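Letters A, B, C and D mark the chains as written, and numbering starts fresh at 1 in each.
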Amino acid sequence: MSSRRDFIKKTGLIGIAGIVQPLNVFASSPKLNGHVHYKKENTKWADGSRLVVSVSMQFEAGGQPVNAESPFPQNMQKGFVDLPGETWYQYGYKEGIPRMLDNWDKLGIKVTSHMVGSAVLKNPALAKEIVERGHEAAAHGMDWTTEYSMPYETEKKFIKDGADAIKKVTGFTPIGYNANWLRRGANTLEILQELGFKYHIDDLSRDEPFLVKVKGKEFAVVPYTIRCNDIVLIEGKNFSADQFIRQVKMEFDQLYQESEKKRRQMSISFHDRIGGTPQMVAATTEIINYIKQHKEISFKRKDEIAQMAYDEKSVIREF
Amino acid sequence: MSSRRDFIKKTGLIGIAGIVQPLNVFASSPKLNGHVHYKKENTKWADGSRLVVSVSMQFEAGGQPVNAESPFPQNMQKGFVDLPGETWYQYGYKEGIPRMLDNWDKLGIKVTSHMVGSAVLKNPALAKEIVERGHEAAAHGMDWTTEYSMPYETEKKFIKDGADAIKKVTGFTPIGYNANWLRRGANTLEILQELGFKYHIDDLSRDEPFLVKVKGKEFAVVPYTIRCNDIVLIEGKNFSADQFIRQVKMEFDQLYQESEKKRRQMSISFHDRIGGTPQMVAATTEIINYIKQHKEISFKRKDEIAQMAYDEKSVIREF
Amino acid sequence: MSSRRDFIKKTGLIGIAGIVQPLNVFASSPKLNGHVHYKKENTKWADGSRLVVSVSMQFEAGGQPVNAESPFPQNMQKGFVDLPGETWYQYGYKEGIPRMLDNWDKLGIKVTSHMVGSAVLKNPALAKEIVERGHEAAAHGMDWTTEYSMPYETEKKFIKDGADAIKKVTGFTPIGYNANWLRRGANTLEILQELGFKYHIDDLSRDEPFLVKVKGKEFAVVPYTIRCNDIVLIEGKNFSADQFIRQVKMEFDQLYQESEKKRRQMSISFHDRIGGTPQMVAATTEIINYIKQHKEISFKRKDEIAQMAYDEKSVIREF
Amino acid sequence: MSSRRDFIKKTGLIGIAGIVQPLNVFASSPKLNGHVHYKKENTKWADGSRLVVSVSMQFEAGGQPVNAESPFPQNMQKGFVDLPGETWYQYGYKEGIPRMLDNWDKLGIKVTSHMVGSAVLKNPALAKEIVERGHEAAAHGMDWTTEYSMPYETEKKFIKDGADAIKKVTGFTPIGYNANWLRRGANTLEILQELGFKYHIDDLSRDEPFLVKVKGKEFAVVPYTIRCNDIVLIEGKNFSADQFIRQVKMEFDQLYQESEKKRRQMSISFHDRIGGTPQMVAATTEIINYIKQHKEISFKRKDEIAQMAYDEKSVIREF
């Protein structure tokens, strides 16, 4: 079996620099440009693992707008409230998060909880409990408002308000960010940097963390996924919980195999009212226990992964 | 393995009352407000079971409006009747309910049948047979009209007419209610209380029954589900019957495990023309037989569960 | 295990005639009204089988209109032809029907082929071959035009033209009918009777054949299904071929079990360009071979089933 | 077991030429008409295989228009860029193609890469690497513009520009063509012939290659599929990766069995940002390894299959 790098070496492509692609990946963001510097291939992270697995737990329910999208038909007559839709969201904080918290303890892993500010204010004790039990609180906007089209100062206040709510309620200063539907705008990274954030996750482009340059300074990207994501697969694609198990296991199998030659990151994501149902927690348990049977893997919060990215000399730098 | 309560005790959160959340779950219902009083953790229901399983059988076919939604394309030219669509509904009372009735007997369980008034009047002998065979008749509106936007008196008559039809035909006085598409309005609970109903099911927020306060009096909620529901999964999400089996088993597995430490309720739901097909009755048989292999579980009608909620001192009171 | 009939006998419902329901199943068809006379329970068909399985093979491709619905996006600019969509249909007669024909021989079963007139004229040799190999030719309209809204004489010519095309090309006089999308109109049954047809399939209401009365004369209904139907499950619901296998097996299992006490019919349906693909023929083979392992089942063409319905004294008569 | 040909021989249909169907398959294309000459049945390709399997790897990401369709909601406000959507496409060239390239080497097969001109210019080194590692570069248009409605000269330039980009960057002269969404226009085949192309794939009508006549000269068709196609099944039909495995294996099983009596071709297709994910590469590995366990199969690039079609005297000629 020849690897891609073996081939490049054999054909001398590296020698002629042909493999350095002018990716210009931030063409759509006027503030970021530059060249891609490929990392050397390293097979281990600083903690000795080949594959680092990062689990997200979105804490959003309770902070949603009236008549927010739910499994019920989106056809409410004007002036009326979708009451069963509201109870669908209530499930997120009454059953979902508590169930997942117990499960993380049982499984022995720590996760990153992306917290919407308005949800934190609605259920402060639960937000506090998440942090007290050892999980990371990351910011996820002040509420569910579309972020990418906000003017600069509006967006800055929107992000700061959400982070302040988390800090005030939980005592945890968030350094990671996730925009609504991953839809950051052209200014978002610069704002995050100004506010002291250290990483964002709204990027699907790689199976490992990397660094970009924002106004001349490095900023970490801890990539997210929609392939192992409950809201996309269960609510969006109508997978059954057992399909979720099989697909995520297949994802792991391939990344684990690749990690023999190359450091890898895997991301899995759960939302309070979806990933917190009994059937999905059963699925999660099976997935995590499957992964844990393998050697040289580790479960990390995203703040830990971001720090690893900053500390690794050989990390991918997309600038 | 540490449980959530263990954690709370250890960190002293209960001591500082931080865990009592100002849920304000009825914010959208101007008539209901108040505080949440969390139950003490009890692990058994009054009958000695840890997990009570409640099966619903919707009796709606025959009472649907002309050209009601069906698997056929919703594109009929004006003035014509969707004849194959009608036969799809007829299946519900010609094959579906009779097949399910035989199956409940074979499986040895009693269910709650949510009966639409117009369907009861269309097929009175079948409605009567459901009750005669030991199942609960619960009300489900007089017909398929959208309920949440009705004025108070209109809605009261609508609910009463449906309940009266059931009483007249079957001799059973319904005390439980299910609104069309679960969409109760702001007045529904008060009307139900006035009419003598004891519980409703249009709430997805918990995996156990609870009490709310309606005009100063307790009213029981026996939560429903859309995760183990044939109309949502088979017609809405396009699950195959075997996916339904696997997902409901996973739901049971998790709730059963949780019930070691905490009383739980599981809800499964079938509609006449969907859950009554051969493939779905085969699925149901496999699911129920699977559940029955476990100790300390019981199958209960929803009127029995509501009564357990009223009788339990430690039940969740959301007021 | 008590059966539904046992219960009825025990509770004396039959004695008080309470079980005779005023079904009025043809309320939407002004020409047909009357009472339902329930059959006595018989457990065997005339050929000794308990469960008769009927397979349909739609022969439609080649007769479709320009830019007919296909898996390709329905967004063609005006004045252009969807060429890949056309090749999707061509597959039906170039690969699909020939493959299925070989498979029916291999499996040793005869099927009913519902033939669109325009498709027959497009590929006459193939239509002829279907009949020559022992399968039934049933009529399916002259082309893909919506039938339910045609005036009486227009519809009569439409049905007759299609049947005449089949007769002329194959030598087989069709006595069975299937309307486009099952959507017969209020006049269809009367027209069919006038034209000498003996049965139609556009009814989903039962898992066994039955008789209705059309202008005072009996007319057979051989019910169709959308639960074991490739166009509904594969194209409509996006099932994978293995889901199709599992769901149809579950359907069989339940009907087979019921057939211990009650005669049953099972219907399975395949369309040229869908059921004729390699993956679906592989699925079909597995399903048919599974069914064949059971005793007291038979595979019958729908004309045979209609005849059995006419011959059975105890058949369901919905009039 | 009797085969279709056995039947035809027995009934003498060939003798009366009844089986020669006036297919007129290019009725919608005014430039091509004629008769179908059926091939004699041959059971082996020139290389001794009964079944030739052809894998496609679409190279499109990076060349897509702004706010191209992606798994994210298609609801961007005007004037804003869908940044997470862009990262979904970036995955195609940063992870997807490199991962698939390593996998083809590991599996020991060569594939056909359908390259969009704009994608090639965006990532020239990667395009070059595909060719250097032994895969075929086929043309796929200059960019993602809808092709079927272009005037003749516009379309000719569009096709030529894409082919020139491939030739310039990779050194490989493409002789195969795939139109956007398979939607060639009425002039496409004539243009391809003028430009020196030898085959196209935008046809789903057969499970084997065949020849058509374009302006009096033979032109090869190497049929494509949407049944074993990641963009159709994973993105379009929402299959999980394991469903993809099972469906493609079933497709193979049937074609392999048929190939005992008749030469067959099987097509499987992967797109950079979809088929290149870990879960889909895991699926691909399982599928290819499964196929490789069978004797008398071969994996071929589509240029090789087109050449086999030209060289086979008994190939299907649809003219």
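The criterion applied here is as follows: contacts are C-beta pairs under 8 Å (C-beta built on N, C-alpha and C of every residue); 3 or more make two chains touch, one makes a residue touch a chain.
Quantities reported herein were computed from a predicted structural model and do not represent experimental measurements.
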Name, by label, each chain that touches both members of the pair chain A and chain D. none
Same residues or different residues where chain A meets chain B? The copies count as same if more than half of the interface numbers are shared. different
What's the farthest chain from chain D if centres are computed as the mean of the Cα atoms? B
Taking the mean of the C-alpha atoms as each chain's centre, how many Å separate chain B from chain D? 50
Nearest whole angstrom, what separates the Cα centre of chain C from the Cα centre of chain D? 35
Where does chain D touch two or more other chains at once, residue-wise? 238, 243
For chain D, which residues are in contact with chain C within the complex? 1-4, 7-8, 11, 13, 18-21, 23, 25, 28-29, 146, 148-149, 181-186, 202-207, 223, 226-227, 232-233, 236-239, 243-244, 246-248, 250-255, 258, 266
Under the definition above, what is the set of chain A residues touching chain B in their complex? 66, 71-73, 77, 80-84, 86-88, 90-91, 93-95, 98-99, 101-102, 105-106, 123-126, 128-129, 132-133, 238, 240-243, 277-279, 281-283, 285
